[in-house]
Structure formats: structure tokens, C-alpha cells
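The chains carry the letters A, B, C and D, assigned in the order they are written, with residues numbered from 1 in each.
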Amino acid sequence: MNNELKAEIENQFDQAVFDEETSKYLIVEIAPASYLDLMQTLKTKGFDYLFSMTGMDWGKELGVTNHLENSQTGEMIVVKVKLTDREKPELPTLEKIWKTAHLHEREIYDLFGINFKGHSVMKRLLLSEDWEGYPMRKDWHDETKMIIR
Amino acid sequence: MILTNTTNYFGQLVNYLSEQMGIGGQILAYVLVAAIYLSFFAVAGLLLVYVERRVAAFFQLRLGPNRVGPHGLLQTIADALKLLSKEIFGTNRKDNLLYKTAYYLVIIASLVSLSVIPFSRGIQAFDINVGVFFISAVSSVGVLGILFGGWGSNNKYSLIGGMRSGLQMISYELSSGLAIITMVLLAGTLQMSGIIEAQRDTWFIIKGHIPALIALFIFVVAGTAESNRTPFDLPEGEAELGAGYHSEYSGMGFAYFFLAEFINMFIISAVGVTLFFGGWLAPFHLTDSLPWQPLWGAFWFFMKVAVFIFFMMWFRWTFPRLRIDQLLTLEWKYLLPIGLVNIILMAVLVYYNILISF
Amino acid sequence: METLTLNSSDLKSQEYFLNMGPQHPATHGVLRLILTLDGEVVKNIEPDLGYIHRSIEKQCEYEGYKQIIHLTDRMDYLSAHINNEAVALAIEQALEIEVPERVKVIRTIMGELTRIASHLLWWGVMGMDVGALTTFMYAFRDREMINDIMEETCGARLTMSYSTPGGVMFDLHPNFQKRVKDFIPHLRRVIPQYDELLTGNVIFQKRMKGVGIMSHEDAISHGASGPVARGSGVSCDRRKKDPYSAFASRDIQFNEITFTEGDNLARYNVRMKEMLESLNIIEQLIDNIPDDGIQAKTKALIKLPKGEYLQRVETARGDLGVYIVSDGKKNPYRVKFRSPGFSNLNALIEIGKGHLIADLVAIMSTLDFVVPDIDR
Amino acid sequence: MSYLGDVIGGIKTLMKGMKVTGSYFFPNVINKKYIITRQYPDEPAIVMERFKGEVVMWHNENNEHRCTGCQACEIACPNGSIEIIWNRVLNEETGKKVKQIDKHIYHLGMCTMCNLCIQACPTNAIMWSTNFHNSTYDRSKLTKVLNKPGSKLMAGVEE
């Protein structure tokens, strides 16, 4: 199944990078431009359950790791998208495809500062509006609020 | 003079003092009676709060207040003292007039209704010839207080609570009125003492058999609703509205609302006992030949009221709350039609005298 | 400063805002909902989170792997043990440790006890939310027995920190089996009482039936999991779908409870029936706990190999995902807790609309939020 | 007919609920049969032997403890609740400088009772106490020094 899927994705999205080493699930890394298309395609292929959206800071790039599940077979696929622009990172929203993306994207916006274009309420969720910076980024540092041993 | 019953002890007191001391004596007598009623109000209210807490505790596998005084009896007095000493504060931009009038209206309504309740033979401040009607009229003034409080506090939760309360009271007045009228058909009088006298041989709950039972059921439901208790505590609706219409009251303002709720419960029970269970009459004429008749009457009256109140507490600690639309459905689709049919049934029974009497 | 995303110019003439929470009896903690109301009808819901956000994910990046576990207790404190287990399993998965059978069985029994305790608390609070105040004390009486079992073995009543990578902290207390065996018939006896007191009650039925309907598709799209999704007919029990601990190593017979109505009553019934299923599971395990040690060999300082690991377990609230990205150091590079409550909250935004406030409270209750779980 | 059926069925379910609460109420009134309240200060609290109340250091009657000052607990602690102040003292017999604790400081206010320090301790010097009377009016009182003043390392622990 994995290989079939891989081939199909490869056909449609030539810039997709696959990674089967680091995780027990198939990881697809995709450029931001074809991110929405890929997710849409995956949904039609039966991956209808957006398990989680994880904001990531890989040091240089920011990004999102999506865990998708096929709610029938229980199969999982991981979709990663990396953004090199740390100043104004932008991604298209998945809200239209999965309703659960609504809160997940707000959380990622809040903690990582990735702006999801087309999201209905792109506001801070956990932190207050006057918070400066995005605390889950690796370069975020606060002498008073963080004590690192 | 409205005072008609010559065996009325309060009436005798007024007459005696006014004969002795003229107009001053009359005023003194009125003040005395008022003082008696006010102190009864306070004591009964505090006692009911204690009983409610204790009963609730036993329902909920707890002990309840048991530290202050013997068996915790003084707990509510301590609470009242605490409430007295509390600072009174409200919201910004509240409607001060309505906000401050609210609790007086509520408490006056329940105090005034108390005046026509016959505690025993001759112990009744105000034996008016339209007693039952008077109670249902006056007790609906209380809803004004709740509406005032809800609106005046400038708080949306209070407002919702107040509005719910208005809706609920207006609806359920109807049913309780119908239930009362059903029983009045049996008595042929609206006077409280008259109603009790009519039950000397047979209590109305037995005399009126089926329709009386239905009327009792309607009366209990409507009465519970009128006293804003679970399952009809929507105006407070703790889980939804915090505290509803009295959210923004503190200190004695809150205490008045609280006391009035319990006195209302007492009044509803007293009316229920008077209408259905023969008021202060002893069951099976048990104590009729004993001396101290008025005291025995009071004893039986309070016993019956206690049982009635206990059932209301039992409801409260068992049932979930209704939703506002279900509340109205229950009233307009169930209680009101049943009540109307019941009144006709009762009328027919009374006309053809198909009643049980000993 | 202003966190309201709606302002009064968006309102229609009949509508007004109601700020529900963060301090409100029905929000079970510090959830804040900004409601747009028309009369009592909810037109729009906007959650405002973060009142108990402790940044557990960020903290984890500065902790060793063993030290993460105690933080997870504080997430969904009602299924603390299952959270511990999830992290432990994720680490074991990464290190490819095979834990002793005894550990698996202990973890499963503890997990099911936690689930029952959580559902009991939910049941009590559910009653409170619809106005039946007595349910709370009855549920707490029975939950107390589980807390005692937990305290006797784990040393804590709520935040157990009982699982460690490769094993469990302490061995079972000698009284454990006896206490659990006392508890099972007790709960079997009281659950019919619960049904008589609340489930069967006509007022309760009327309050629950047909309220807050979430369709099968919506449940999937909202990412709902646990009893919430199973109330909508989505079969999503991780214990069945991708078994872990004793569910994998033993042949445990139990049913996945699903209802198709998707309303409040369905979600309610799922949880009520799940308690009995959990009792079944415990009954099957309690008599034969093998005796092969409580700790697999682990290094004192755990370093996960480079890579990323996802472990999903079924907590009392649903599907908890622990996603660990490791770069081979002693601290994780990134830890994400995909909490079930967070996705279920997403469902509330939609299914709460168009209901009365009283119904919204009931819906929130059947979605069973634990706010620290949402905020993390 | 379903109208009347509804009413009667509804009342029946209500009576069932009242039966349940009543079955607890009346025995409670008579002899407090089902009451679960423990009146805590009067009745002692039931604390299990494993209850994780606070970390204490075991001392024997000669005021000796088993802590070698290895700092394993300090490292194991997730939130820095334990600080050990130590110095090296010359051991008269062997002539070597040995690590010795000066103060074993324990911040109860930060402790999450996760048991990692006790698990980490190689010499079983620290253990749980079931004491839960930990509330104070002053947060600084929650910072405790575990080793008693003047206490020494027990002989033979070092090996």
C-alpha cells in the first residue's frame, strides 16, 4: 500500500520528498506551493482524519507536520511542509478540508507565528494579544520566564 | 373591619388594646402582630435553610452543618450574622432604584402572603374572606422583585435569570390557580379558615378523590416552579447562569432573596396543606378532646407542612433541571389542559355529589 | 489587549455577547467562551483558551525523557495514568524495549481504573450540569475507592507519575487485587442505581435526546475521538485499532461501544457502557498478573535515537497522541501532545450553535472537557 | 393515548429516581449508614503507607544519614526542587578528600512528587514521608533543609 501511494503521489507531485527512515510511517515532504493540493488529494484517497497538526521549528525552517489517518484502515501518513522565510511564514489553511484544522492552525499561529492564509479567525489562541514573539520557536528566549538548568 | 372571625386571637388582641388605650393601643397591637410575624419569618427562614442543608446532606451521603451549636442548629444564624456584616456592593451603572427595590418587593410579597395563613384555630393575622385568592395575588408580586433584580443589576446573567423567572412565574401561576380553584369548588369559600372548617369531617384529598389527587399533583409541580426550586430553578440555574437574578447581590440583599425563597416554599406548603390536608385539623380527630386546642392545631399544621416541604426537598435533590422550552411545554401542553379538564371533572363530581365523606 | 475577535458592530440588532468563563461553573475549569446570543439561543461560539496554558511542550524540550512523564500528569489530570503510559510507550517504542508482561498488565489495569474514575467524575459533573446535584456525591463516593487503590500502589491519588520508560515505579501493593475485586461488584451494583437516578429520568432524557447532534462525517472532520466520536458511530478505539500494552499481548475480550445517533444521549450512553466494559477488562486481567519484574533494563540517562515517534493511546477523553522528535540528544527536540480535548473543543464550536444556553452547557458536559488537557 | 402514557411513564421514571435517593436518605437519617464524610481533624485521615507527602532524609539515632552528596537526585529532579551544597572534607583515616554534604535543600513548593529522586538515589538516603500537613503562611517555609544540623554520613555507606 505504501509503495502504491508513494508512486501515486510521486506522479502527481514531482517535488515531493519521501522519507521512510525516521518514522514508522511514510513521511512526505512537500513544498508550500503544492501543500494544499497534496492534502486535498490525500483526503480523496481516504486519509480523512487529520490526527494532528504539529508546528515545527527545524532551526532554519519553520513548518508544519501533519499526521493523517485513514479512518477506515487505520493507515497513517505524515506530511511535512517547510518554510524558509522566518519573518513572514505563510501557508494556505486546511480549514476548508478538515474542520479540526481551525483550532490547530490557530495554535500554531500563536506559538510559531505561521500565518495561515484564508483562515477564518487568525488570532492568538492561547496567549494574549499583546504577547511579543512566538514562544515555541527555538530562538525564542526569555530570561525571566524561562529558567534553564 | 376585615377581621371577621371572633375566635381570632390577633383580632382579640387588637380589640382589647384599642379598647384599653384607644388608637395608640390599636397601633401598638398592629406593631406587636407585625413583630411576631417578622420574628416568625426570620426563625422559620433560618430553620428552613438549616433543614434544607441537613436534608441535602443526608441525600448526598454527607453530614451537613454539625459544628455550630447542637447538631449545627446555630449554623444558619452564624451565616446570617456573616451576611449582615458583609459589604454591600453591586455592579457599575446598575439601575439603582430597581436594584434596591428588588429584594424588598420579594420579601414583602412573601411576608404579606404569610399573614393570611392559618397556623391554627384563631392564629391568623388576617382572616380575609378571599384568603386563597389573596395569596396567589400577592405572591405574584414577588416575581416583580426578581425581574427588577434581574434587570437592575446590569448583568446579562442576571437579566437572563430574571426573564426566565418572569416567564416561569406567569405560566405557573395559572396552573396553581387552577388547582386552587378546583379545591375551592369543594369548600365553597375562598376564606382560609372556611376551607379548613369545611374539611372537619373529611380532608379534601380524600373527599375529592381522583380530581383532588390530580389537583394535588398539579399544585405540587406548579408550587415547586413558583418557589424557583429544582427541577424548576432556571432563574438561578447554577450550572448555566452562575446564580441568576441574584448574582450581583451581596450581604443582606442576597440574604433577603434567599430567605424569601425558603419562606415561599413554606407558603406553598402551607397553602397545599390547607387546601388538601385539612390545615391544622388533627388526623382522625386524634387530639380533638385534649386541652390547648390552638397549640395542637399548630402542631399538626407544622407537621403536615414539614412533610410537604420534605417532599419538595426530595424533588430538589433528585431531579435534573428542565430547559426553558420544556418548562413551558410542561405548563401549556400538560399541566394547563389537565388542570382545566380536572376542574370540570371536579365540578361535575360536586354537582352530583359523588364525593367521599365520612 | 482586547481578545474579542468579534465586536459589537458585527451583531445583528437582536444579538448580544455573553462572556461565559473563564470562571463559570459549567466550563469545568478555565475555559472561556464568548457567546453571541439571540435571547437565549446561541448564535456563535468563540473559545478563548490559554488560561491554564503551562507550555508543557516547551518545557519538555528542556527535560530529559524520564522527566517528561510527570508533566503529562498535569495535562489531562483525570486520565493521568494513561498519559504517563503514552509517553512511556513512545519512549519504549523508540528504544525498542520489550517491557515485562507484568508491566503491561499493570499498566492496562491501572489505565482502565483511571478511565472508570474519569467517567465517574464526568457522570457526577454531568448531573450537576443538568441540575441534578446529588449525582456528584454518589459518583465521588465510588471514585474515592479507585483513588484509594491508586494511592495505595502509586502513592498519589490523582497525579500518579506511575509509568516510567521500561516499567512502572513501584510494584503492586499486596492489597491491590483484593481492593480491585471489592470495587468491581460495588460498581456493578451502583451503576443500575445511576441509571435509575439519572439516565432513565424523563427530564434528563428530554434534555439529552436529539441535542447537539454531530454527524459521522463531522465527527471525523472535527478530529473528534474517544466517546465523543463513538457517540457519532465512528469506530476509533485505539485499544482495538492499534492495541498497546496488554491489549496487544493478551487476548482481551471487550466491546467497542458505538452509538450512531451522535447526540448528547449517545455520548452519555457510550461512557456509561464503557465503564462496564472497563470492568470486564479488569476482571479478565486481575487474576493472572504474571510475575516477571516491573522494570525492563534501561540506561540511567535515556537518549532516543534520531527520528520521530508517534504513540497513540486511548485516554478517557479520546485519542492522545504523543509525538516525539528526537535529534539523538538527551532532551527531545520537539514534543507534541495531540490532546483529544483540543479537537473535541473544535466540535463544540459547530454543534453548540443554534442551541439554548442550557443545552450548550449539557453539550459541553457530554464532550467532557478537561481544560488543562486543551491548553496544555 | 400516548399523551397520558407520556405523563404516567414520566412520573414513573421520576419516582424511580426518588426511590434511589430515598434509599440513601432514610438509612442516613436513622443511623447515618451511608454517610461517607470523614470529619478530618477529629477523625484521623487515612493515609496509605506509600503516600508521597514530602521527601525526607532518614537519620538514625546517632544523627547519621546515608547521603553521600552524589547529586543523583539533583540531576534526576525535573524541576530543580533539590539543591545540594557540598564540600570536600579530608577523611582522617584514609587521608583522602571526600565529598560531604553541607546542606540538602529541598523546595517542597516546587516538588511534583514524581519519585524520580528517590528512584535515583543509590544509597537510599532519601525517602517519602506521608506527612501532608504542609500548608504554611509563608512560601519560604516550604524550602527545607533535609539533613539535620550536625548530622554525619553513616559509616559504611560510601562503599
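The rule we apply is simple: a contact is a pair of C-beta atoms (placed from the backbone, for glycine too) under 8 Å apart; a residue touches a chain by one contact, two chains touch by 3 or more.
As the structure is a prediction and not an experimental result, all values here were calculated from the model.
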Separation of chain C from chain D in touching-chain steps, minimised, is 1
Chain centres from averaged Cα atoms put chain A and chain B apart, in whole Å, by 63
Whole-angstrom distance, CA centroid of chain A to CA centroid of chain D, is 42
Whole-angstrom distance, CA centroid of chain A to CA centroid of chain C, is 25
Whole-Å distance, C-alpha centre of chain B to that of chain C, is 45
In chain C, the residues touching two or more other chains are 134, 137, 141, 197-198, 201, 203
In chain B, the residues touching two or more other chains are 59, 61-62, 317-319
Touching at least 2 other chains, the residues of chain A are 149
Pairs of chains in contact here are A-C, B-C, B-D, C-D
In the complex, the residues of chain C that touch chain D are 63-64, 66-67, 69-71, 73-74, 134, 137, 141, 144, 148, 151-156, 159, 161, 164, 169-170, 173, 193, 196-198, 200-203, 205, 300
Per the touch rule, the chain D residues reaching chain C in their complex are 9-10, 13-14, 16-17, 19-21, 36, 46, 48-52, 76-78, 112-116, 119-120, 128
Counting only contacts in the complex, chain B reaches chain D at residues 55, 58-59, 61-63, 314-315, 317-319, 334, 338
In their shared complex, chain B is touched by residues of chain D numbered 7, 14, 17-18, 20-22, 24-25, 28-29, 32, 34-37, 39
Residue positions on chain B within touch of chain C in the complex are 56, 59-62, 156-157, 160, 230-231, 233-234, 237-242, 316-326
